[in-house]
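Next come two complexes built around chain A: one with chain B, the other with chain C.
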Partner chain A sequence: MTLIIFLFQRLRKTLFSNLSNSIISLIFILIISLVCLNTFRWLIFKANWTVVTSNLPLYAFGSFPPNERWRPATWIIILFLLSIITLFGPGWKWLRKNLLISWVATIPLGLYLLYGGFGLSPIMSRHWGGLTLTILLTACSSLLSLPLGIILALFRQSSLPLIQKLSSFYIDVMRAIPLIAVLFFGQLLIPLFLPVGIEVDRVWRAIFAFTLFVSAYIAEDIRGGLQSIPRTQIEAANSLGLNQFQIIQLILIPQALRIALPALTNQSIGLFQNTSLMAILGLVELLGVGRSILANPEFIGQYIEVYVWLACVYWMVCTIMAVLARHLEQRMTINQANF
Partner chain B sequence: MEPVVVAKNLTKSYTKGLRALDNVSLTVNQGKVLVVMGPSGSGKSTLIRTFNGLETFDKGELNILGIKVDSTHDEKKIQKIRRRVGMVFQQFNLFPHLSILENITLAPVNVQKRRRAEAEEYGMYLLNQMGIDSHAKKYPSQLSGGEQQRVAIARALALKPELLLFDEPTSALDPERINEVLDAMRRLAEQGMTMVVVTHEIGFAKDVSDQVLFMDSGKVIETSPPNIFFSNARHERSRKFLNQLDKH
Partner chain C sequence: MKINQKLFFQLGIVILFFGLIGILINNLTINLIRTGLGINFSWLFKPASFALAEHPLPYSSSDSYAWALFIGWLNSLQVIVSSLLLATFLGILVGFARTGKNSLLGIISAGYITIIRQTPLLLQLMFWYFVGFLGLKDNVLIHIKDIFIISNQGIELSGFKLSSEFSALLLGLSIFTSAYIAEVIRGGILSVPRGQWEAYRSLGLSERKGLISIIIPQALPAIIPGLTSQYLNLAKNSTLAIAVGYSDIYAINDTIINQTGRAIECFLILLTSFLLLNLLISNSMEIINRIIINSRKYN
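Up next, the complex of A and B:
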């Protein structure tokens, strides 16, 4: 009770302290409540959510054969469980040590579950789609662009002029080209350049293009990390007799990655959202599924429902990624070595 | 007595005309402690950093533990020297992303290729010697300056060096933390470790050193036993420096 009175007094003090303030406050409260009212009315009464509810498997798996849908479903559930264990699981040392390996292992596992083979019926990548494909594109591109970015960053710091210039050139060029152009290049031009008979499927061409693009940005983030490591660290390592390679591997990269972690999170969340560009280039990932459902005469004109729903899904996954990254950052600062 | 460090006419200039080292010659015999003193900018840090190849020099000759280096700065020889010479820095320079024990075992495991268990056991022994074995699992940022510096000494000792270099090891410490580091260094000297120490600590120099080398603007002004240097320095410049130190 006292709390309510306190809040009320506070509101009076902040919003209605004099006449002009009161008028402005009233107008804004009116506008905000109208917007909220209309939004809720639309969300609950006007919107026809069957376009979402009747197509849930499509959003999740695209045109993956219905009786094999358990495979991508298993993968997504494993990813989800792993996130929960990482965030809320106990802090046992062996568990924390193996978590990082488990995260990396989810990528080959996902590829195996999607491609099939070795006991599972093989499924062509053109049947992949929906959220599964979006996550796969993000995960594979991030995993590949991280080492490439590290190498580019190290080359850019190199004392050999040729390597240093080449790396700078590559990074500058990639940052000067819009992502969509790189993706077009991947989808349309790579098949022309490859010799007859060799064919890289569309999903891998997309991953390849994303990797080329993102690694340039990651290289710059890691270069920032490398540059902020004091020279005295290298001197200390030198005086212990570590060689150049060991210094890079044991001293520089772990520290640079830790410094660059917030920027790297940014890159991977950006990458996740940018995978939606592939909808224009013919991959049926999450946004692509939305577009193809809208093209169905049964659901024609229900743009708002579909896009609100897609926005929610993107928002949810991004939030999970951000929370995971923040958790990783915290663990790294408290316990500096273990995941 | 075997000489551990022999320097002959070391000369180094950063820019034309300004000499960081000017014809520096010295000898440190096995089991001896040489203290290097001098005003800031006199080249004392530069001098001991040439001993393990962190600095190059332009002229002269250096013989560390029988390994001869000249101005060509032969990388292979330098690596050989670094495996047998430990160094402790003013700012500790511990690796912040590794735990205390990992800091210490890093070089034995990766440079000397010793087994991890063995390196850890020896690391714990060293930490125990330094009185900080209870911190083995912690990270450098969780330790005080004095503790960090003792870890740095243990890290340098982990390679079982035949020569230890100290570059102003107590200059970055709180006054009440200085003694714990100096005591550790005293014990090392008593155990017969060959040491070259750049420091402003007169007490330490008086008690522990066998020779005091005084430098100014890259030149060796004088090399004397501590009892002579501190009571009756031969050179006017040394006496002036000591007077300045006393006032602090």
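Up next, the complex of A and C:
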């Protein structure tokens, strides 16, 4: 009872503190209820969800051969279970230590499950698609761009002028051009820069282009982390007799990564959203599947249903990633406090 | 000893780097000879022979590629500047709603920000174009006596027409960027110490006066750098125009590559045009920043 009174008082205080505030609140309550009512009416009565329900496997796996769909499905289920264990699992030390390794291990596992070979029937990358491809692009590019970004950041901070200039030039140019240009020219130019006879498929060309692009942004985030480490730490390490590489490996990188962590997780969430650009460059990832379904005469004109559904899927995966990221940040600060 | 070591390390990496570049360029020349393309820019002055739906300056398909590229650059600039203004306006509204006292407004704007930020921009642009404009029922949404019309032909304001491609792009970019700008503004306002609020209230200033003359001037130095980077992002994101068929600089480069196959030259052109755009935006923001700092000094 007291709780209700408290809530009521709070509501009155924040919403109806004076006349103008009350008017604004009333208008917005009206608008919200109208919007909600209409949305619910549309969601339940007007919208025709067959365009979503009859194509669920397409959204998840693209044109992956139907009798092999268990492979990407297994991978996505493993990723999902791993997220749940990470978030809600017990805090046993051996489990927590192995979680990071298992997260990294999911990427080669995913590639194995998709490519096949070693007992599974091989499947060309042009059959990959849907959410599986979106997640694969994100995971591979994140994993590759992190070390590249660290190296670029260290080079940009180094006292060696030539290396510093080269790395600054690369980072600044990459950050000046739009992603879609990098991806498009990645598709066009990567084959031109390779020796005759060596070919890289579209998916890997996309991953390389994403890596080149994102690593420049990651480098700047890590540089921010590096700059916030006090110089006295380096002097202390020097006086302990550590050499240059030990200082970088033991003192600089762990601290810089911890400081840059929120920015880095934002980068990977941004990367996940940006994989949608491949839809206009010829890969059938999540948005690409939506486009190809809309091009099907059976579902023509059902733009709202498809777009609302895709937005929900993107929103959900982004939210899971953000929750995981916050969990990681919390664990990092706990670990730091234990030192 | 140590200086020698450093020199060798540097030399090693530079040799490695240029070695790699050399191999890549070698491959490139082999491939270019194989395909018979080579690199030259003389094609720039041949007639482009494609039509453009929108051109702020006179253009016909017999004009040169160079002129088409310039028109595309102007188109880009047009959409960037107009979405920049609209996004700033929306962002300020949402940002203040987010930090204000009214908790209902706070919740609404927080919801707006998460929904916009957690879905891809490309999806939003397609939504505005295919659903917002092309998908209008009876092709018209609002029709007020020929003064203000929103239809599948775009937006018309007493004779001043915006195409549906431009309008969708403008709307999508502005709404997307406004969510980020709102966060920048919120961060700036929160960076002003709480004591400043209490101070102007205890001095008897009204809320509006206190906000305008006490809080905002102190928040601006924290807001401007974030705003600049959001504007630069907006400029880069405007290349997604190709998804809705608006002929910006990237879309025209794409058409030219399809016609002529000159990928490397077009890449260099795109790079320079974006360096120009970035310089334009960051220099104007630098000037604004200086004006703000100066005005604070003399107050």
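Here, the second predicted complex is superposed on the first by the 309 of 339 C-alpha atoms of A that agree within 3 Å, B and C clash if a C-alpha of one lies under 4 Å from a C-alpha of the other, contacts with A are read in each partner's own complex, and residues count from 1 in each chain.
What we mean here is this: a residue touches a chain if its C-beta (ideal position, glycine included) is under 8 Å from a C-beta of that chain, and two chains touch if they have at least 3 such contacts.
None of the values given here were measured: they were computed from a predicted structure.
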First (chain B), second (chain C), both or neither touched by A:53: neither
Which of chain B and chain C A:242 touches, first, second, both or neither: first
First, second, both or neither for A:232, with chain B first and chain C second: first
First (chain B), second (chain C), both or neither touched by A:2: neither
First (chain B), second (chain C), both or neither touched by A:67: neither
Touching partner for A:32 - first (chain B), second (chain C), both, neither: second
Residue contacts with chain A in the superposition, chain B compared against chain C: C
First, second, both or neither for A:184, with chain B first and chain C second: second
First (chain B), second (chain C), both or neither touched by A:255: first
Chain A-facing residues of chain C, complex: 6, 9-10, 13-14, 17, 24, 27-28, 30-32, 34, 101-105, 108, 115, 118-123, 126-127, 130-131, 135, 236-240, 242-243, 250, 254, 257, 263-264, 267, 270-271, 274-275, 278
Contact footprint of chain C on chain A as seen in their complex: 14-15, 17, 21, 24-25, 28-29, 32, 159-160, 162-163, 166, 173, 176-181, 184-185, 188-189, 191-196, 269, 273-274, 276-277, 279-280, 287, 301, 303-304, 307, 310-311, 314-315, 318-319, 322
Contact footprint of chain B on chain A as seen in their complex: 232-233, 235-243, 246, 250-251, 254-255, 258, 336-337
Footprint of chain A on chain B - complex, ascending: 52-54, 79, 82-83, 85-87, 89, 91, 93-99, 102, 106-107, 110-111, 139, 155-156, 159
